[in-house]
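Common to both upcoming complexes is subunit A, partnered first by subunit B, then by subunit C.
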Partner chain A sequence: MVRTEKSNKKAKTQKVKLVQNVPVNEHLNRTYILICNDGQQFEADGHTIRHSKVLGLAAKNLEPPENTIQVEKVKGDTMKLVLEWCVNHKDDGPYVSKVGPGLRLPHWDFRWLKEMNNQDLFDLITATNDLQIKQLMDYSCKTVANMAKGKNPEQLRQIFGILTDEEEAELALNEPGPSNA
Partner chain B sequence: MWPRNDVQMDEGSMTPEDQEPEPAIDQDMEFDVNLEENSYSNGSGSSYNADKLSSSSPLQHKLDLSASPTQNNEANPRVEHLVALFKDLTVAEQMEAFARLVQESNMSNIRQMRAIIEPHFQKDFLSCLPVEIGIKILQNLNSTDLMKVAQVSKNWKMLSEVEKVWKSLEDRGFKNLLEPSDRTRGAWEATAVIPGVNIPDHVNQCEINIHRLVKLLKYGPIYERSADKSRYLRGEKIEKNWHSRPIMGSAILRGHEEHVITCMQIHNDLLVTGSDDNTLKVWSIDDGEVKHTLNGHSGGVWTSQISQCGRYIVSGSTDRTVKVWRAEDGFLLHTLQGHTSTVRCMAMANTTLVTGSRDCTLRVWDIETGLHVRTLQGHQAAVRCVQFDGNIVVSGGYDFTVKIWDAFSGKCLRTLIGHSNRVYSLLYESERSIVCSGSLDTSIRVWDFSRPEGQELIAFLSGHTSLTSGMQLRGNILVSCNADSHVRVWDIYEGTCIHILSGHRSAITSLQWFGRGLVATSSDDGSVKLWDIERGVLIRDLVSLNSGGNGGCIWRLCSTQTMLACAIGSRNNTEETKVILLDFDANHP
Partner chain C sequence: MTTDAGNTPELASLPSELLCQLFTYLPNRKLITEIPLVCQRFNTILNDDKFWSRRIRTEHLIHQPECEVSHPDYQPKRSFHSMRTARSRFRDWETQTVHVALGHSATVDSVLLFKTEQQHKQFCLSGSRDRTIRLWDLENVRNGVEDTWTVAKDETAHLGWIWNMARDETTGNFYTTSWDSTVKSWRITDDGALQNLSSVNVGSAAQCVSATGSPNELVCTTFAKRVAVIDDRSSEIVAEHKLHKRAVIALAVDGNRIYTSSEDRIMMMVDRRQMGRALLFEYSPSCYKSCLSLQRDQLLTSTSDGKVKLYDAKNFNVLQTYTVGSYTRQVQLDHGAHLVMARSARTRYKFSIFSPGTRSRQWGASHELAAEPAKFDYLPSTKTLAIGNGDSSILFCFPPSENAENLAENAENLAENPAENPPNLE
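Let's look at the complex of A and B:
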């Protein structure tokens, strides 16, 4: 299980004391094995996973030769996508978060996200949230927003599969049990 | 069984569908299509909606590709055979096969296929993701798209009206607005539509009455739900009102008959006009009527100011005095004596006043006590214009120089030399120590007096062919209006002219800059024009006088974010002296 932020911080302050004589970014060069909730495993090095705040911290807390990280919240197929993005951004410099018209996606990201089907994109966003990858989150949100740009309400309902309020009421009458929306 | 499609069939053969019983689910779909056409007020003709209701799990977005509406546990050998053949094909052949299969399928099967495929392409992101992510997505949209989002469903509406989303929108320059105004009583009732005055986009009388009714609701339903959205939309509406919508309210304030209005100031609801009839008038904008006439000067009033707190009105006159009046009731508080010639210009910060005179001096006064603080000596000719930020005084004179003074020590800190003729107008931006001076030598000089002495000049803007009557500065963009009838837009750091706006046929008398790129100018040609200085084009004429060109002219403009005041008259009695007010306000939706 990936440790929560809080427990990571605690662990970090304790562990830092122990490994004081190791260079700070040494963990970036090591290779890790990520185990997803459906059992799928992936190999990735520190540079690749550093974009994820959660994975990065988990990696820092591992004492060699330990190198497995359990990623309970993410399933294998989605992890594959996340890593695909991370590998592509391995060598990126620091990222400044932006929202709105000022945010421009790089070419590769734009195409990659645009061609993704909505289910995968949804899973990707959820995983990005859990793994705390700021840059990918900004880009994904922008991609979803772009789907909505310049559309009228009816088109928006079609694109995102929304029921009108009347339809939902109708549904609530016909089907017992809580509705998803 | 009759075939359902109008497909020509070979004699004697029966298509597979003829042999199958009609699936129950199909009947439901047919039924629902009819139902859907009648009952949903914001539904569409799309048959998709019907499918959602009839398929087994419309709200489950988890896609299970192996599931189908008619799944059973035993593999159908004929189907397996087909699938095996299919798998053998190349990707391109598979696509061709799909296309053919779709052609051969009936509508109900196609609809079922669509129900399987569609979740691949549809996901209600906003409702299914955590709220912070939903907000993050929405922050990428503009106000128009956000309004559309609000119409999609209750959930989407709630999310789209969250404060954070509207607060992070790009601001259009109309913010920190005052309460929506009344402007329906007094002179507003009669409007400014009179013979001789053209307000081309003025709305007609019956629509005005509707507009006045609408005006009563100052805070609409959106404000109840989301104040930030409402405020933003109000700002947008006000900008549209200025830019292109019909003018919904106007008024004429009559006074100073047969005389010239020499100066005009606005402070919240107060409009103050000064005239060469020796008086000033204090008007209430909202009520559309005069409140007080300030009598006392024995010479024409050529300059005036309203204090920051709004409690004091100050006037300077050819009678060489300065008078301080109480704004509330027009009572004369002090008469400041000392100048030995006309008091031509003044500037005020808090309750410290600086006056400039034809007697070549400037004087610093405290208007609460009426005491004279200091005299600033140094100019060799009349002082024509002055600016003051509370500490530093900037003055321009007929001796061709601009001087920088410390108000309280009285010391002249710099003398900016360079103009080759009289200095007529000044602009001072305290934060950057920048001064812009307009001169009869036709140039505009931009100075930065935080630089070493002698090196203050940072730009020499030439291009105009006459006297610059008004300037406004924001960032590195300077807008100037000139007696040569042009408006010029400059970059003070590049020292270049970005746009030249032509259209007026005579000297431009004043300019006002509001919003992001809207500038209004008034001219001796009797018109008020509205310009877009970002694109460098004329937007429209707001006012034009029939007597324009014959004597009717617009002397001065004064504006707030929601109102424009135009001081109008003539020197030959072709146009009576008046102030026309135009209302651009909007309520909170």
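Let's look at the complex of A and C:
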């Protein structure tokens, strides 16, 4: 290969790129302390929390030796569940979202989400939305959709604790308000 | 999934955006029929146009043109459903049930699919260069012996090639045009025979015909540059124009607007009440439009140089152009998809489906068709496709059977939860 001016320049720019990559991902190797809104604290390392866009960005912006992240929107129990999932998916590759009924869940996730009771599941969905974890969001929504499959409206109301319009109207009547006070 | 009495979990406590996200995972049919019945909030979300418009944009990546979105009859929910149906219908050409119907003895130049209101039965009318018309019962085609497929035929329908057919939805009558310069109207009698009601001579070979737009009036075009409006009751020509310079080969009608295109590379629109002047006019220097298909305010055209062009029907603005081959024979604009029949450079025809809107992507295509097709027709409500061929056969393509779809879904479920469900295909 002939070494010309052009190829030398290319080699130089490539070299410079490599050097720049290292500091950017360094934060993944550090440990962080996550403080939830009810005071509970959890320890997690960068790889675990990288799934969450919000936590990942927060971690990036932290200068060492600072390592606490305040997570005001999520309460402790839910955070525990989120971290449990994150730890399990620590080593996953990049995720391609597949919206719609065709999505398939991996075995661990499927079982784990199925074992959860409804209230935890809904809290989990709200937390995932706040923390922006696309993959867990897709999986948990798919689980709820599976629960709703094949059920008529009455059964859906029972499973999900939704009141019929008449019951809601009754509740509204009994609640203190301008007309009742 | 236990729910204790004092602490029922509430799905309703989730914010609306999350509910929308959840809804995208449910099968579409349920979202339209059952879920809105659960509670008022779900109902409001599911009837909100924005919910469906967003889904059209993000899930199908379709960008609807302005003329479609601002049309008073546009309903995002319906369009989303049509798109979903069209997409899954044509995703895989090979899984269709295809029947080859023989019977004619020359090129079948026109096919017309329709469904009867009362009995919900599907039929197909075909007109051919062998001067006969045949009525096919599609239930028999799917399930019966070949002898029972044709339920009626008229051997001496015309004295020349039969070019096109059209049907009037309200009366059930159908009309045929032919090389023998006549436009004939027909009725299917109660005992299943074809009865000729009247015949109008239009002076030269009659090409296209359309029965939509105005009750009791037909529009027809001829090879002698004529576009005529015929009154069905008196069998007389009530209005006409000769604004084209060559044979008028394509026609689309919506209400009072008549769109025509000719081999003189001009496409124009006139109002049937004042045929003397063209309200819209387009001259193309290089190619002519071989077919026009009109839906609401979108006009989809096929060009002789292998392209498909989408126009705004109100002002002939070009919304989109894409190339499909070397000669595009026919297009059909359905709310859910663009159906295109085109010849590729290697002289073989292919039927392909593109997504609707202004940034169409190909959703599916057939393999190269063995026989040269003359015309196709697609009925969205029954998802049946009929293609009339040059070798006198007709291809009836039915969607993959319901059983096949259910089996596929069950297999998916089994893969997801192996330990839970005993292998039990219902």
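In the analysis below, the second predicted complex is superposed on the first by the 151 of 181 C-alpha atoms of A that agree within 3 Å, B and C clash if a C-alpha of one lies under 4 Å from a C-alpha of the other, contacts with A are read in each partner's own complex, and residues count from 1 in each chain.
Keep in mind that, in the parts below, a residue touches a chain if its C-beta (ideal position, glycine included) is under 8 Å from a C-beta of that chain, and two chains touch if they have at least 3 such contacts.
Please read all numbers here as calculations on a predicted model, not as lab measurements.
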Clash or fit (per the criteria above) of subunit B with subunit C on subunit A: clash
Partner chain in contact with A:Arg104 - subunit B first, subunit C second, else both or neither: second
First, second, both or neither for A:Glu170, with subunit B first and subunit C second: first
Partner chain(s) touched by A:Trp112 [first = subunit B, second = subunit C, both, neither]: neither
Clash-bearing segment of subunit B, relative to subunit C, as chosen among 27-35, 99-107, 153-161 or 459-467: 153-161
Doubly contacted residues of subunit A, that is, touched by subunit B and again by subunit C: 99-101, 103, 117-119, 121-122, 125-126, 129, 137, 141-142, 144-145, 148-149, 152-153, 156-157, 159-165, 168
Residues of subunit C defined as touching subunit A within the complex: 1-3, 7-15, 17-18, 21-22, 24-27, 30, 34-35, 37-40, 58-59, 412, 415-417
Touching residues (chain side subunit A, partner subunit B) in the complex: 99-101, 103, 117-119, 121-122, 125-126, 129, 137-138, 141-142, 144-146, 148-154, 156-168, 170-171, 174, 179-181
Subunit B to subunit A touching residues, read off their complex: 39-44, 46, 48-49, 52-53, 58-61, 63, 118-130, 133, 136-142, 145, 148-149, 151-156, 168-170
Parts of subunit A lying in touch with subunit C, wherever the complex brings them together: 99-105, 110, 114, 117-119, 121-122, 125-126, 129, 137, 141-142, 144-145, 147-149, 152-153, 156-157, 159-165, 168
